[in-house]
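The following blocks contain the structures, represented as structure tokens.
In what follows, chain A forms one complex with chain B and a second complex with chain C.
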Partner chain A sequence: MLVTKHLAELCSLLIEELYGELPSRIFATLINRGRSSIPQLVHHTSMNPRQLRHGLAVLLQYNMLFYSAEPDTEVAVYEANVEYAYNLIRTGKILEMIDTSFGAPAKDVMQSLLLLGQARISDLVEAYQQKIDQAKKAATEKVEDGDEFEVNGVNGHSDSVKKSDLLVKNTAQLNSVICRLVEADLIDVVHSRSFQTPQDIHKSVEKDVTERLFPGGPKGGKAKVELQDKIAESLRKIRSESKSLKRKLEQNVTSAKRRKLFSGGTSNGAHDEEVDPDLDSRQVIRINYEKCLVDLRNRRLVQFATDMYGEVTAYVYGVLLRLLTKPIARCRPDPLMDIGEDDKDRQKLGFVTIDEILDSLKTSVDLSLGLGKVAKHDISSRAADAIQEEPPKPKLYIEEADVDEGDSADEAKDSDGSNSSGSDSESDHKERPATNGSKVQFADSTSAKEMRLNRPAQLRQHLLLLSESNQHFVRHCGPNEWTVDFVPLMSALREFELDSVIERTSGRQGLRLVRILRTKGKLDEKALPTVALMKKPEVQQKMLEMQNAGFVHVQEVPRDTKADVKKSFFLWFSDVDKSLARLLDTSYKTTVRCIQVLEVLRQREKDVLELTKRTDVRGREKDVMRKEYFDRYSRFLENERKLFAQVMRLDDLVAVLRDF
Partner chain B sequence: MPSDAAEADAKIQILKDALYDEARQHGSADRLFTQKDLLDLNVIPSNDVVLLLRVVQSLTDDKLFVGATNHAGLAWRWRSREDAQKYTSLPNDETMMVYSIVDEAGADGVWNRHIKHRLGMHEAVVKSCIKYLETKGYIVAMKNVEHPHKKMYIRANLRPSDRATGGPWFTDGELDSPFITELETIVFEYIKNHSAYLGSLPIRGGGGATGADGALKAPRKGIIRGGAAANGDARGLKRAATEISNDEQPAAATGAPAAASSEAAEAKNSSSAASRAARGKVFLPFPAGYKSYPIVTEIAQFIHKTGITNNTTLGEADIQQLVDVLVYDGLVEAVKVGGRKGYRVMRAAKQDTASFEKRQKEREEGIGLDKPHTGVALPTNGVTEAPCGRCPVFEICEEGGPVSPSKCVYFMQWLGLEDRGGPAGGAPAMVSL
Partner chain C sequence: MDSEIVLDGKPSELFPPYDVPQAPALSKKEEKQVSFFLLFREQCHDGPLYTQARTQNGGRSGRTYGQDQINKRYGQTSKATVDPFFAVPTYSQKFKQVERTLPDLDTRPFAKEFFPSELHATLDGDDSPTSGPANKRRKTGPKVLALSNITSLKTAEELFLPESQQSGLDATVSYDKALQVLNALEKRNEDGDDEGFLSGEDDDDWVKAANEDDEAEANVEDEDQYDDESGDDYNAEAYFEGNQDDEDYDEGGDDGGGGDYM
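Take a look at the complex of A and B:
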């Protein structure tokens, strides 16, 4: 991950927000200075070693450090783990996602885990045990109090007691929740190399492999490739160490499932708690952000599909994505590790069939909705059902037109055949309601014809619609096989986000110009107004404006060797990657500003906030505080919520641009 | 001897007329005749080249023939007698030369500096010649869109070429932006209405569903009758008409998709009363493989039929240009189904379902002027929502600088704090823009 100035600033602000100034200052120093030992940190931070050790311990507890101890010097050096630090911003989002897909208890457990950073399973169990005991004690008290309250008719207090009711009722449930989260790959095991930087691991593996297999260094191209493969293999092995718990569980769970099947078990959706094996309580676990990101990506894509096609189609899409991404460990394959064909851990996307989707669809969803109704003869089933076996290739600027032509010619031939003979005869519902001859029938959702399409066929229609999209939502990769090519899809989404920013900042005409450049490649300034149907001075002004904003770029091509500026061509072009990188940095900076403004607000309302910190005020702000003060306080809370919500929104964008 | 000469002159005069007439029979004024072509016209007796030379020379002197060169060497083309008359009526050679240059330039016109440059004459002379020709009504000044500041001249009886006028998108040498915008909107509306299905919002119609269920089991005739009945009383075209009147509450129409967006599945199953409240029209995408997405030819025909462009003729290429702009704007996208390149609206479900006329009326009344004229804007994201995304001084915003987060008025406005007293009031004014 490229650490820009604003990202560094953002990370230290986040740490300050959550863990205080001391770790934040150390972290900032570590980002700015690179890996450092404690004496070096003493020098740069002018803190004493005791403070530093405190701060480093905090950072380490929350997985925000890498360290390595040189065996010969016995000096530990520390390095900032920017990725984990940035991921602090996503805490709320991840918890919400777990809440919706695994339920409140799982969320509670994950929250505890996030609060702890990393935890030994036994410690986690112990902590929960304590909580449970406390709750039990409180519950018995509550029963006594309860009558009293009911008599008095005061139920305000009993509500709050109810809220503190525990989501995790016993340690067995806790165990089962952890099992499920581990199975879903959302929780990882911390192992000896978790705190080594990827670079360190790579270096040591490379050294190891070279010494073991290629003493004297690899000779020739073939050996070099082999070396790379071996390194990748070893790296994957190290990476999979963190999945040890999951593997163990998988072995057990399959047998548990089998048992259930044979006994004809009454599985009511709830996880059977007895069959969950006891986890090795010595294992240290922490959240696996990589997998969380995969799930968050699915959500973002569903949102994208909603925006493009509507809710029902997007819902179907969500189910498809959930099924498809179950085995995927991360959004983007590691360029170093995920190479080589023979790797079974590789991101080999499978496919999903309609039956599988159908099994997971909520029965309450009416699939007949969300699509227009068209007479059968208006649909070219050949074109709709076309199967693409290969993922779409990235388009080249110049070749694009030619390639398209070729395709269309083929299509034309195909469809001519099918239009005349195939499509109509094979239709299984030829009879249409006897409305007038208009092509589009304005019949409503439950017309007779539509009801005749059975549920799988309706589902298929939604999938076909998605696969027809120019954004490559879904690829129909074989008969009844559906898959998603994330790379082109995500770049379409990124482009969409960029377009949105361009439209909001430079207007629709700006967007028009950028998109022209994107399709046509490099264009002379004189050619632009004609294509864009805009006035020349307007175009010039817009282009300069957008050049400043980083959306378009200019190249000067001299006409002759003299390179006279007056005679030079000025070619405009739009480099999407460059613009996206800039937008990413802008997002970081905006996030930083949001948090800073929050700090400004805090300073401004300092007196009020200090008041609320008093123990006699806390929890009863409304009753104790003067109205004027309480108004200021509630307004501050509202603004705080707004700003945090904005930070979340910004993170949505960052995730799309960087992580998905 | 003099009679001989007179006789020869007369002979040449006859030959001249004959050659001229014959040449006019053989091609337009643009055709170039080579020497061989002229001989092959069989006017000059015994293919006498010398005689031909004299005849052609004489015709050229009379401005009836214009000399030119083509790949084969020297060649001539004829000029009409009226045009030639104009030449011969000119007072002097200079004027004639200036006129010939303007004449040669044809429909593209010629720049006055060009005339001077080519003739190598003094500016004053050229000026007076041009003035003379203008007063005579032989040439007129024209404007070229490519070089709006150049003074150009064109023969009076010619219309400037498309290259000079810029085609149908220009009016008086200026790009007619309002015309283009308006036409774009119309084209967009056409594509929108023909590439998406106007349905009602997803609700579960209680009676309709059971009725159709019943019809499913009934014999075929029953289906048709049942369907027709359903169309008649509940869900047909007539129903659509009443729903258009429902659209009079724009809040309901625009609010409904947002309300339904979050919990699609749940919303549909919620009580019918709630869903009826959210009832409105929405555009739905057509199923994959839809064959009737509008193509450019259809759009061009539609524009032609409506007669919106009564004094400009728009060809298919012009409409294509317009549609391309809509594609670049991200409002429509091209879909190829079976080799047929149609266009469909992007993000159909988000589009405005109110009619074009209604929106136009609203705009005249000043409602919804903040919305884009055509289509809907793209969704916002984190950057554009925050003040920073639109901040003109974002680049120089830095703690300790002239613009800094602690002094940011935009953020305070955004959070609704700018009207407060206290420290907010003391914040310095933003850098003047």
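Take a look at the complex of A and C:
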């Protein structure tokens, strides 16, 4: 991850927001100075060693640092873990995701885990046990207090436990929740190398492999490739250490299943929760952000599909993505580790069949909704059912074949022109979409006929709809096999986000100009107004505006060696990657500003906030505080919520641009 | 006619009306996400690893050039900079949160094998300024991880809700309870076995505080306050809270202990 100035600032602000000033100061210094030891930090921050030790311990507990210690000198050097620090911003989202897909108890456990940073399973269990005991005690006390003498009545007791809304009722439930989260890969095991930087690990592995297999250094190209493969392999091995719990669970589940099969299944069916084996309580666990990001990406894609096609199709898509991404560990393969694995990885991604989707689809969902109907003769069934076995090739930057078409309104649609032109079976691929004239009906007169269409066929229609989109939501990769190519899809989504930002900041005219530039490549300043059919001053103004914002770029080409400015060509062009990088940094900056605004608000309402922190005021602000104070306080709370919502929206953008 | 002439004293518009883009209202999902985040933050702040103390004076306005200037921004508020007018101890200061300048590491267990060895003493809590042989902490029993007791977040809407009746009732109830606690305390003090009263629950009360209800929580916190009071009763230096920070202050360093009275 490229750490820009704004990202560095953002990370330290986030840490300050959540963990206090002391860790944040240390973290900021670590980002700015690179890896340093405590004496170096003392020098840079002018804090005393005791403060530093405490701050570093807190940061390490929250997984915000890497360190490496020399075994003989006992001096460690620390380095900032920017990824984990940034992911603090996503806490709300991750918790919400777990809440909706795993239920409230799982969310509670995950929240505790996040709160503790990393935790030994036995400690976690003990903490929950204590809380449960307390709740029970409190409940009985409450019953006694209320002069209700039904303490010995079991019903009253359990009711009051429920009343105190304890989400995790007993340790067995805790165990099963942890098991489920581990199975979903959302929880990782901390192992001895978790706190080494990836670079360090790579270096040591490289050294190790070279010494072991190529004592004299690799000779020749073939040996070098082999060396890379070996390194990647041992790196993967180290990485998979954090999955040890998951592996064990999987083994257990399979053996349990086998047992079930042998014993006939009837007896075990009722005790489904007890199948969860006891986890090794010495293991230390923490959250696995990589997998969380995969799930968040699924949600984002579903959102995207909802915007494009509507809810039912998006729901189908969500189910498909969930099935498909179960084995995926991370959104973007690691360039160092996943080189040799490439083919294997693709196999792993695999495909989903319609039956599988149908199995996990809720029956309450009416699949007939959200499908348009077109007269039969308007559909090229050959094209619609075409199977694309290969993932689409990366899009060429300039599509020469399409230049003449240039009506700019449907430029985006031509994005698949270059890759589908290769195979002739897909040449009439685009006849189907509803936009080209044929009548599409949603409210159907032929509902009787519709009813006869069974669910698989409707599901297939939804999938076909998704596969025919310009964004390539899914790919029909074999008969009844569907898959998703994330790389082109995400780049389509990125471009979509960029376009919407351009439209917001410089209007439709600006977006149109950018799209023209994208199809034409570089255009001379003088040629642009004629192509765009706009007035020259308007175009110039727009272009300058957009250049300032970083959406278009200009290149100066002198006509002769003198490089006279008046005679040179000025070529406008639009580089998507450059714009995206700029947009990313701008989003960091905006996020930083949001948090700074919050700090300013806090300063402004300092007296009120200090009052609300008092222990006799907390929890009953309304009664204790004077009305004007209370109004100020509630206004502040509202603003705070708005600011954090804005921060999370910005993070949505950052996630699409950087992580997904 | 002349008198009716009104001078148009308005200057030309330096800042013409600008259409400030408004963010759309929060969706339900976003509301939930923000609430979860805020709750998480609240719990973080409630935990033993959080350091409340801020040593910056005002906002972080202005540019800084170089590490020295950045460092100078910190350590602005310390005991040396306290406003003498507010430095006089007042009754309401009892209710102020005790600000931590260093995280409270010895209240919870750590997975020490994942920390470099130079931090191990710190994790044991042997590194804090109070942990001299003189005031050795009374640590009994194994350390236990603490789960936060804050389970709900007060949102602005909740605060707005006209539940005055209910909360009024609650307030009186908790007031009564506080009185009871106070009475009990006094009795015990007279008996002179405050040690016994204290032994079970020391400062990691947030670990053990049981109830989720606000009133109960307030209760516990009150109790906490009184505990501290009575425990340090004979220590004149410590009578006004925050004696721990004194030593820290003496240690020097920019961050001269947390302003207890800021």
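Here, the second predicted complex is superposed on the first by the 561 of 660 C-alpha atoms of A that agree within 3 Å, B and C clash if a C-alpha of one lies under 4 Å from a C-alpha of the other, contacts with A are read in each partner's own complex, and residues count from 1 in each chain.
The criterion applied here is as follows: contacts are C-beta pairs under 8 Å (C-beta built on N, C-alpha and C of every residue); 3 or more make two chains touch, one makes a residue touch a chain.
A quick note: this is a predicted structure, and the numbers were derived from the prediction, not measured.
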Chain B versus chain C as contact partner of A:R508, first or second or both or neither: first
First, second, both or neither for A:Q196, with chain B first and chain C second: neither
First, second, both or neither for A:A314, with chain B first and chain C second: first
First (chain B), second (chain C), both or neither touched by A:A57: second
Contacts of A:N480 with chain B and chain C, given as first, second, both or neither: neither
Touched partner set for A:D366, first chain B, second chain C, both or neither: first
First (chain B), second (chain C), both or neither touched by A:Q540: neither
Touching partner for A:Q596 - first (chain B), second (chain C), both, neither: both
Which superposed partner A:K642 touches (first chain B, second chain C, both, neither): both
Residues of chain A at both interfaces, chain B in one complex, chain C in the other: 504, 596, 600, 642, 646, 648-649
Touch list for chain B against partner chain A, complex: 169, 174-175, 177, 180, 196-200, 202-205, 208-209, 212-213, 215-216, 220, 223-224, 226-228, 230-231, 234-237, 239-240, 260-261, 264-266, 268-269, 282, 284-292, 321-322, 324-325, 327-330, 333-341, 346-350, 372, 377-386, 388-390, 394, 397, 399, 405-406, 408, 411, 415, 417, 422-424
Chain A residues within the chain C interface of the complex: 17-23, 25, 28-29, 32, 38, 44-48, 50-51, 53-58, 60-62, 67, 69, 74-76, 91-93, 95-96, 99, 107, 111-112, 114-116, 118-120, 123-124, 126-128, 130-131, 134-135, 137-138, 164-165, 190, 192, 194-195, 284, 504, 596, 599-600, 603, 613-623, 630, 633-635, 637-638, 640-642, 644-646, 648-649
Chain A partner contacts - residues on chain C that touch it in the complex: 21, 23, 26, 29-41, 43-45, 47, 49-56, 58-60, 67, 70-71, 74, 92, 95-97, 101-103, 105, 109-111, 113-119, 122-123, 127-129, 144-148, 151, 154-156, 159-160, 164, 167-168, 170-171, 207-208, 210-212, 214-218, 221-222, 224-225, 251-255
Chain B contact footprint on chain A (complex, rising order): 306-315, 362, 364-366, 369-374, 378-385, 404, 407-409, 411-416, 418-419, 431, 433-436, 439-440, 442-452, 461, 464-465, 467-468, 470, 496-497, 499-501, 503-505, 508, 511-513, 515-516, 519, 529, 531-535, 583, 586-587, 589-594, 596-597, 600-601, 604, 639, 642-643, 646, 648-654
